[in-house]
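Structure in structure tokens, see below.
A, B, C, D and E label the chains in the order they appear, each numbered from 1.
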């Protein structure tokens, strides 16, 4: 803490962040040349759960068992939600147009409600646009979870590795050493596979180039049998995810998309609860249903 | 209406009566103490279990992350506001009937804050790392997040607690001196000698005492308001439906004063009996307290209505849904229980006959306290189980016995601290009762004089 | 570099994971520690192994029979995760949740670790020598005809070795059994198209009408079909966004993704298919005379009455099929599980002929040029044959490998009792499952991540550029790490050891299955894509590292001459009032037939439709439930003529009111900590009704009644109290009509 | 009174001391107290002999000759025994030394040597050797002994390696917050990342 | 000239007031009413200040100083620590945000005020103190004490004044 630090960061007042009143994203002002983002095509998603299991495998998620699941203590960072048409009337579900599936995980909000409230600063916004969770810093006040509109933060209610014996020998050999196994009392959530983006950035840096789409896939994206998930650097106009956001005219820093205000909207990109202004980094594409049959 | 206090009590008698409370309370005192210890035992057991196994044993789940702990935390914080109300606000307003009862109210402030602080600890997932939340220069070079309302909370509570302790202590120095002068044996003598700081009641001491006491009282009032409005901002600063309400800070403060007053009535009745304070904690004083409580109850009711009306009138669909869910869903019995206890029951206090009826008031005050606890629960829980995201709504979460045990035990903990305090420090402020008696007798004399003069004039005529 | 002649096994051993640090809870010590842990160190290390950097080994998934090509992520000598092999034409780098869980089968704490011998009610651990000697002893003096071998679907060199062994024993009793298999479909396809597993081209179709084929969930090769489906749904493809219509009594995952899900009365799928042909004729499509002769009877009114599908719906569907070609009609498990299942499948196949899809979206596939490694597919009729033989006391020695018939055979077959009649039962077991418990000798198997094998998939997917129907492939399965339990053995090794007992001379050159496989592959180097002059070692390593061996397959051809002759669908009988409901055993994408039930990830990943975890359930239509007074969470008893189970009721809109559905694969009484006691086993209560043509057990032909037991539970499920309701909520999961969006310009 | 004043002064003093410490305390890179314990290794490897300066009888072998993974992996790694044997099988002169005999015992038994970790970071910390070596060794062209020595101290003078630096978070940060040259022939500077998520996993 | 202490106890404030007024007017050697006269009472009696003459109270200056120091210190600590090397972006908010800092500044303002006021009180009231040689427990009960300090020679005069006003008891420092 020196005076120069103070002054320097004081002047960062609102400049380091892409969320601003003026027209954004202002990538010039963005602190890093990477902004991780995702696009999920709900029309392609079949609800098969492959992403969720891949997440268990990649991120050392504990299997809590029936009793704890019944208490709502499941630890799936990526959950698949199923919705019905309510065509038959309120509370009555019609199945004749199928169901809708929605993979839900941390939306990595640019203005995340969880970040400001952590008493110890265990959850912060990284320069590459992730909502970080520093497990060791967490003291378990759960304020972040209370404040998350999506309820995608998961708390370690028990000491899963040691006391609950979630990974009995030799199942523990499967654990991914690239990230920790969280113990009781800390909050955790989807990190967009930080360990993978880290490696990709590291390798690109060593080779002196920018991170490309081909460098990194999240575990869910890699597994998805229908390729519904796109992940990449929104900052890079060449990336698939940037193209998708662009084509759907979804703007990272707007809570009401301009296209939505226009009549006759013919695009299907949207973000969940964006009217709350957390500026989520995950764009969903509406499910499409043929009406001719 | 009777007198707040007899004007002809001899000062020496006051000393005698109050000091007696330090020596030989009624048997009930020991019963209460034992029960309180047992309750604390339950809570300690639950906490040890929870600490070792993990918070999951409390039946928390993903949306319902806070359960009863934070609700009870707010309850205790609220309770603490009574002391400030009686000792600071009424002091500034020169309401001298507060004098026999403000000491224990202040003690209540201190101990309920200490109880509230425990809930902050108890609800933490990693209690053993709590020092991460302290702002001190460490080898990690990191600081807590000052943007978090939780930290403001911690700071406000710390300030409030330490200020209250100081206020309580400063205010009882003259009484501690009396104890020092009257108790001549054992550790108590040493304790009182130490605590009395050599107080002799000199004019210099009294002069500075008066200013200091007034200054701290002045500080305490905005502090108390800020504490509960900061607790309110834990919720109001968030975006959750049912919490994100502008009227929360005043609403919380009103609720705090309300529950504090209700608790004062309860403790008033208990202390009056246990320590034989019938001469000092008189029924007229009870009546005044009851009337004050009724007034605050009406403020609270009004603010409650404002909150509902604002939600009702607004276009905030989610907040409206939470309100409807509160009133009709799983929480309906508790919600209506809160309305009954908080807004309907106080009308009992309007009946003059009952204002001084000890059994009735005892029952009413306990129910008011229950209502205020329910209020806090109804603020915290419904928003969790009926937030923005419909997929995660939760109908089945119910606090486990561990949570209930700790909440239950907290009442024991508070009672224990309070009762031990009352046994060590005079719970009626002797010097101030003397002042009260003195001033009242002067006033009486003046009155008599006036009457006499009038009579004399009449007689002369 | 110092020379070290390690073979492959030794090499894996040297990489040894034993001392490698396991990821531990990260919040224990918060400061640096000196000298507490041991560094992961090695005696020798090949240059491609760098600590903290993962290596990927190509292999083949063994979790189901689709044969997806996978890559195992290996770090510090441990396999950590399975990922899809991007070069695979089957799964193209993707994987399903079931496949991901393969690592949990590998590291499963409940695996059998040593050979076990049962004496009376007790078991004892014995050595491999003793175990193999015992088998030899029992086989001596047993006639070939008295020996039976029951396996699941098999292919590749292990199958060739098994064939050799059976020959050596002089036995022809190899039964290939699958509890859930499209056996009726294969037979119907054979008749209709001339090949049992043609290539389906969902990606080329404009309309897919699926009669209960859950191709996104559990049917044939789900990951492959999901890939095709992704193409099919793309608005940017030349054919435009495809329309999926699913016709089935119980909604499957595919049904949930359909544009229109049509609840058909159970068993009347064939009727609906013929009704559709009739409606197509009405709409002006020319119907071949022989087909028309059959379909003319199925007027819209009759079809609608029998199938419970509205006439307009049939008309609309016919109009769509006529307008948008090519289309594709699939017959799946929901249509074939009846006594007239073959007839249903045949009627559905007629639709493809009428619509002219054969050759366009139903393409010929190729088969591998080596018949001995071509897949032997499992079915349910073989279990019936084995059971009959066991009941008659024909078999003295029975081997079982890769199947769990004691669990999955209907109780009415009394398989467990009949199995006990055999003198000596040997189970090659991964877990102590129900069959292993009933066996006399249990031989512990290597996991698929420790074992050598070759795999030839039954459904032969081909890369896009391969085009013609000459592409076939063989995939390698190779060990990715040292054995987790040192005393398990690969099935190839065991078979080889057993063969040596019979033909010592012939198999002398092979130390183990690895050397057998290597020499067998090198012998056919040219056919496997190598050149005659290639160095053996180089060829072998390259082939292994690819994991996939493309072969010039024997071309097949599809015929568009599906015949309507002999097609006769029964008139639906009125339901028996004492058993008014039809039971549909559902196959979930994760648990399948229950062989993977001991993998916790699968138990904890919610069923996509009901979101229930860790238990079985019965799906009841809300209308039916209202009639019976059942609410969610009621424990109900479902009773058939052959048995009954108790489970929790779940009210589910995606099921026909005449049907109830219970997932299979639950209700294990053994197998391991994650599977045992979870849910109820619906296999047991199935009636012994068989498809009239193929003799397959008709899975959907069981009638049941439901009664409340009075108990009620809170169902453990992922969905919240409002379930799928979003009424009055902000935009969460929304749906838009296809004519409201322009999909062609999407990226 | 005086006593009271004294304690008051002391309190205020303490507070200011603490604050000033917070304000600009840069922990010194090494204090004698930070030296780690002596760790008993299965073989007492003489670093000074291999890596030490010639004047001290060392052979000046580059650290990354043995710890070869450091430049391309998160971990520096311990060389496989094969590497030791590669040289030592042809160095007859020291063949009888007990350490070397021990080494050959392990080699013959095909058993990995259970070296103890000297710099064992907590499991939630991600330290990347590659990044640091790339930055300071390859881009800035600093001598390798200096670069490795930033964290590992003067290993070339040690027998068995011993921790010389505190390796605490504040210590890491003290270096990360300093501006370093981006490369050897550039005047541009930059500091290490200060993002928690970079080092914590 | 050595000094001696005298303590007289009175029943009520009226008598004590009369004594003080007389003492203030009397010219006694070695005794000044401003410095050598201390009234001890069991209750706070603002009138005492009146008849003792104006003696300023300075506690409020401590309060002001404490409050300002607390507030300033808090603000600089908070803003400074947020701006430190580990400055982390949070939720789209500036790194050094003024509004939340003000809340904490407010709290610390009060905290500083209260603490320093208490210190000021102790300082101004001369606490903690050793008990003066002449003290009667009666003072903390119901009697008013007047403690004076005067030259040896004036003791008699003082005693006279005390007794004149019906002193209940006069304590004298043991002879020296």
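The rule we apply is simple: contacts are C-beta pairs under 8 Å (C-beta built on N, C-alpha and C of every residue); 3 or more make two chains touch, one makes a residue touch a chain.
Note that the structure is a prediction, hence the values are computed from the model and not measured.
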item: Intersection of the contact lists for chain B and chain C; value: A, D
item: Path length in the contact graph (chain A to chain C, fewest steps); value: 1
item: Most distant chain from chain E, judged by the mean position of its C-alpha atoms; value: C
item: Higher-contact pair (C-beta pairs counted), D-E versus B-E; value: B-E
item: Geometric centre: closest chain by C-alpha means; value: A
item: Chain centre separation in whole Å, for chain D relative to chain A (CA means); value: 36
item: Distance between chain centroids, defined by C-alpha means - chain C, chain D (Å); value: 53
item: Whole-Å gap between the CA centroids of chain B and chain D; value: 56
item: Averaged-CA centre spacing for the pair chain B and chain A, given as whole angstrom; value: 44
item: Of all residues in chain E, the ones touching two or more other chains; value: 77, 80-82, 84-88, 90-91, 93, 122, 126, 128-129
item: In chain C, residues with contacts to at least two other chains; value: 23-28, 30, 52, 714, 719, 725-726, 730, 732
item: Chain A residues counted as touching two or more neighbouring chains; value: 1, 70, 74, 79, 81, 113, 116, 121, 124, 126-127, 135-137, 159, 178-180, 185-186, 273
item: Those chain pairs that satisfy the touch definition; value: A-B, A-C, A-D, A-E, B-C, B-D, B-E, C-D, D-E
item: Residues on chain B engaged by chain C in the complex (per definition of touch); value: 126, 317-318, 321, 388-396
item: Interface residues, chain C side, partner chain D - complex; value: 1-2, 4, 14, 16, 19, 23-45, 50-53
item: Footprint of chain B on chain E - complex, ascending; value: 38-46, 48-49, 52, 55, 57, 59-60, 63, 77-78, 81-82, 84-86, 90-91, 93, 97, 100-101, 103-104, 106-108, 110-111, 113-115, 117-118, 120-122, 124-132, 135, 137, 139-142, 145, 147
item: In the complex with chain D, residue positions of chain B that touch it; value: 136-142
item: Interface residues, chain E side, partner chain D - complex; value: 73, 77, 80-81, 85-88, 119, 122-123, 126, 128-129
